[in-house]
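Per-chain residue numbering starts at 1, and chain names A, B, C and D are given in the order in which the chains are listed.
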Amino acid sequence: MRDDTIPKLIAELCRQFYGLGWVTGTGGGISIRGAEGIYMAPSGVQKERIVPEDVFLLEAGDFSCCRVVRAPANPSLRVSECQPLFFNAYRLRDAGAVIHSHSVWAVLAARMFAPHGHRGAFVSEGLEMQKGLRGKGCFDRVRIPIIANTPREAELTESMADAMQTHPDVDAVLVAGHGVYVWGIDWVQAKTQAECLDYLFRAVVESDRLALTRAEGAER
Amino acid sequence: MRDDTIPKLIAELCRQFYGLGWVTGTGGGISIRGAEGIYMAPSGVQKERIVPEDVFLLEAGDFSCCRVVRAPANPSLRVSECQPLFFNAYRLRDAGAVIHSHSVWAVLAARMFAPHGHRGAFVSEGLEMQKGLRGKGCFDRVRIPIIANTPREAELTESMADAMQTHPDVDAVLVAGHGVYVWGIDWVQAKTQAECLDYLFRAVVESDRLALTRAEGAER
Amino acid sequence: MRDDTIPKLIAELCRQFYGLGWVTGTGGGISIRGAEGIYMAPSGVQKERIVPEDVFLLEAGDFSCCRVVRAPANPSLRVSECQPLFFNAYRLRDAGAVIHSHSVWAVLAARMFAPHGHRGAFVSEGLEMQKGLRGKGCFDRVRIPIIANTPREAELTESMADAMQTHPDVDAVLVAGHGVYVWGIDWVQAKTQAECLDYLFRAVVESDRLALTRAEGAER
Amino acid sequence: MRDDTIPKLIAELCRQFYGLGWVTGTGGGISIRGAEGIYMAPSGVQKERIVPEDVFLLEAGDFSCCRVVRAPANPSLRVSECQPLFFNAYRLRDAGAVIHSHSVWAVLAARMFAPHGHRGAFVSEGLEMQKGLRGKGCFDRVRIPIIANTPREAELTESMADAMQTHPDVDAVLVAGHGVYVWGIDWVQAKTQAECLDYLFRAVVESDRLALTRAEGAER
């Protein structure tokens, strides 16, 4: 993928994610690694209206800090507050892309498995869409770590890194009351995993609501 | 923002809000303040089919009355019945834009916190999307006032103004069985807050439906 | 409205209604009266793919029978099976347009108020969107008749006509397990009423699911 | 239908099915039979981004094996893992097209009727949309077989064939935790049946959630 196509792709994916309900109210975001550095959508803007010129290019050499290589012409745009969290995935997992979604299904799934907003893990079993997750089959027990939210996004950096290290088999971290971070070796795998997880969150939450008593006991 | 772009933006936002389920059945509306006055979508029309020529321009000098500066060529169009409610936000809060949504999530949220249709307040806590609201953080307790509905929209003017004065920290008023009014310093903040609130209404309503008993007691 | 614009409008509305979930699986339909007769979408076709050339023109002189004035070039297309039901609205109410939706909200609403699939009435109260219905205010008690379904659509003709005569104040009839017929003096009023009713069906069904116990007793 | 239009149609339907939530996360797929052989979407790709050049053409002479007549230029594309399941419908039912959907409604419906993930049958009764299914009326009792999922899709081949043989009256098989396979004599019938089934799955699941106690006992 040529670097000059990445800002346009980021704008296009932001519009698509807005349609999915992942980035409404200026929430959420996306970042893609190119040959020249890390491309990142700006903070606090309407995601369905981003244009390629709004995208930041950040240095990829040292993930302990944030150096802007190329800023948007619009001086009011700031680097996403998620930047250190996106960098966690680049630094600890050598990711090629990271998606941050505020999907209501992520929030409901976190609430279901960590009702008091503390740590926990979302659990999914027996669903075919688990196959879209790296190394998982439909009969595996998938556990996605849930971390507690913090007043500022940057303060999540350490607990997200901890959760990543204790769950090396998955490429996502849920944040209670907030959303989910998902990454992959490239934007396609990051997006595929983000879609599969959103589906799993929804399927598990909606299953929980089914009045299964009538069906329990006797398979028809 | 140049005034001559506002009618086109209003038409575009009406189509977008129709897609979000906020303005179906000719309900809901939007108004934006420009240098020349107050722009307002017409009443009782199909919002997804509005064209820039349908937008009214009203005088902004005196918010106690409604003076039309420029009316649409189509003589059957009337100023929105919400006009005095939109003017509340211009008059009391110096708003730059106001959105009125009939989203079913607003109605369900109001019903949940004011089941008999009287006054009350919607409460949200611990949700990241609260950050999209002026001055709020994710650990604040957000309270959005709920007022009782009235037979005609204009009759809401006073109770909406009262609710605005007793809740100066938020930029929205819910109307039981009806919807929500949301404003901001400009159309971007009004839309961002409207999207965040719609998300909070949905997240709180859907959380209420979760069978949390299984998860309660033990964080996994 | 010029007659030569009606087939294009029907095709456009069919695509829009498909997006709303009203006419999937070739179900549902729409008919508009013009100066030259009654325009009607064909039966059993993919509604989101209809082109203006697929629309039938039927004689409006005698609503006791169905005479084709102009048939589509495609000989495999048939007049909608709903034709006698659409004609009920033209004949008994002098309608200008009729919409037939298979929306799942219509089916759930009918099920909620007539759980055994017999006759009954859907009831809505205290919802602002009732104002989109002819002659109704938000504090009225809106009753939409529900009739039992029949093996063939044409067999509904008489019971639909009966329900229309016993409920002269509303412009819609629900059919249990099936959907809803909605009409109006023109296509705009028919569509507005169809959107408002779909909203009311959903709002009442979703309210029913809320666990209101927590909120009951004390308005906050 | 000319063969050279089929790859374009497949790409178009994939985008439409993505919008319906049937093929997110690279899941699901579609295959259409032409004069020259069997056209099939590739495996594990983003379905809303497929272009006609990505579509495989497979030999239709012998359904016991998979011979590629024409492969996409892109060498990383593989034939769908669903290929033997699609071939079941071509071989046993002389289908003209097969759709595989991962719709969450299919998964919830299967869970409702086979809560332990074993064999069973989804049951629908009294719904008009049953008429969109081959040979069914709205008062029939429709039974769609549910089979247990397997670690690899190809391993479903035999149990799917068994279910097809014991349920010759329907053109679909549900797979627990996975989705549904639906076919028809051509792509239009396959799509119509897939849409009707998705509607039935949803209507039955959502009906199950209604608190019908209030309405039970007395038809209003």
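By our rule, contacts are C-beta pairs under 8 Å (C-beta built on N, C-alpha and C of every residue); 3 or more make two chains touch, one makes a residue touch a chain.
Bear in mind the structure is a predicted one, so any value in this text is a computation, not a measurement.
Visitor: Steps needed, at minimum, to get from subunit A to subunit C via touching chains?
Guide: Each step joins two touching chains, and the minimum needed here is 2.
Visitor: Subunit C and subunit D share one sequence, so how far apart are they rotationally when you fit their Cα atoms? Give it in degrees, rounded to a multiple of 5.
Guide: Between subunit C and subunit D, the superposition angle is 90 degrees.
Visitor: Report the chain whose CA-based centre is farthest from the CA-based centre of subunit C.
Guide: A
Visitor: Are the interface residues of subunit B and subunit C largely the same numbers on each copy, more than half shared, or largely different?
Guide: Counting which numbers both chains contribute, under half are shared, so the two copies meet through different residues.
Visitor: How many angstrom lie between the centres of subunit A and subunit B, each centre taken as the mean Cα position?
Guide: Taking the average C-alpha coordinate of subunit A and of subunit B, the gap between them is 29 Å.
Visitor: Can you give the whole-Å distance between the Cα centres of subunit B and subunit D?
Guide: 42
Visitor: Among the residues of subunit B, pick out those that touch two or more other chains and give their numbers.
Guide: Within subunit B, residues 209 contact more than one other chain.
Visitor: Taking chains as nodes and touches as edges, what kind of graph is this: line, ring, star, complete or other?
Guide: ring
Visitor: I'd like to see which chains touch which, written out pair by pair.
Guide: A-B, A-D, B-C, C-D
Visitor: Can you list the subunit B residues touching subunit C in their complex?
Guide: Subunit B reaches subunit C through residues 24-27, 46, 102, 104, 107-108, 111-121, 123, 149, 151, 175-179, 205, 208-209.
Visitor: Report the residues of subunit A in contact with subunit D in the complex, numbered from low to high.
Guide: It comes out as residues 126-129, 132, 137-139, 188, 191-193, 195-196, 198-199, 202-203, 206-207, 209-212, 214-216, 219-220.
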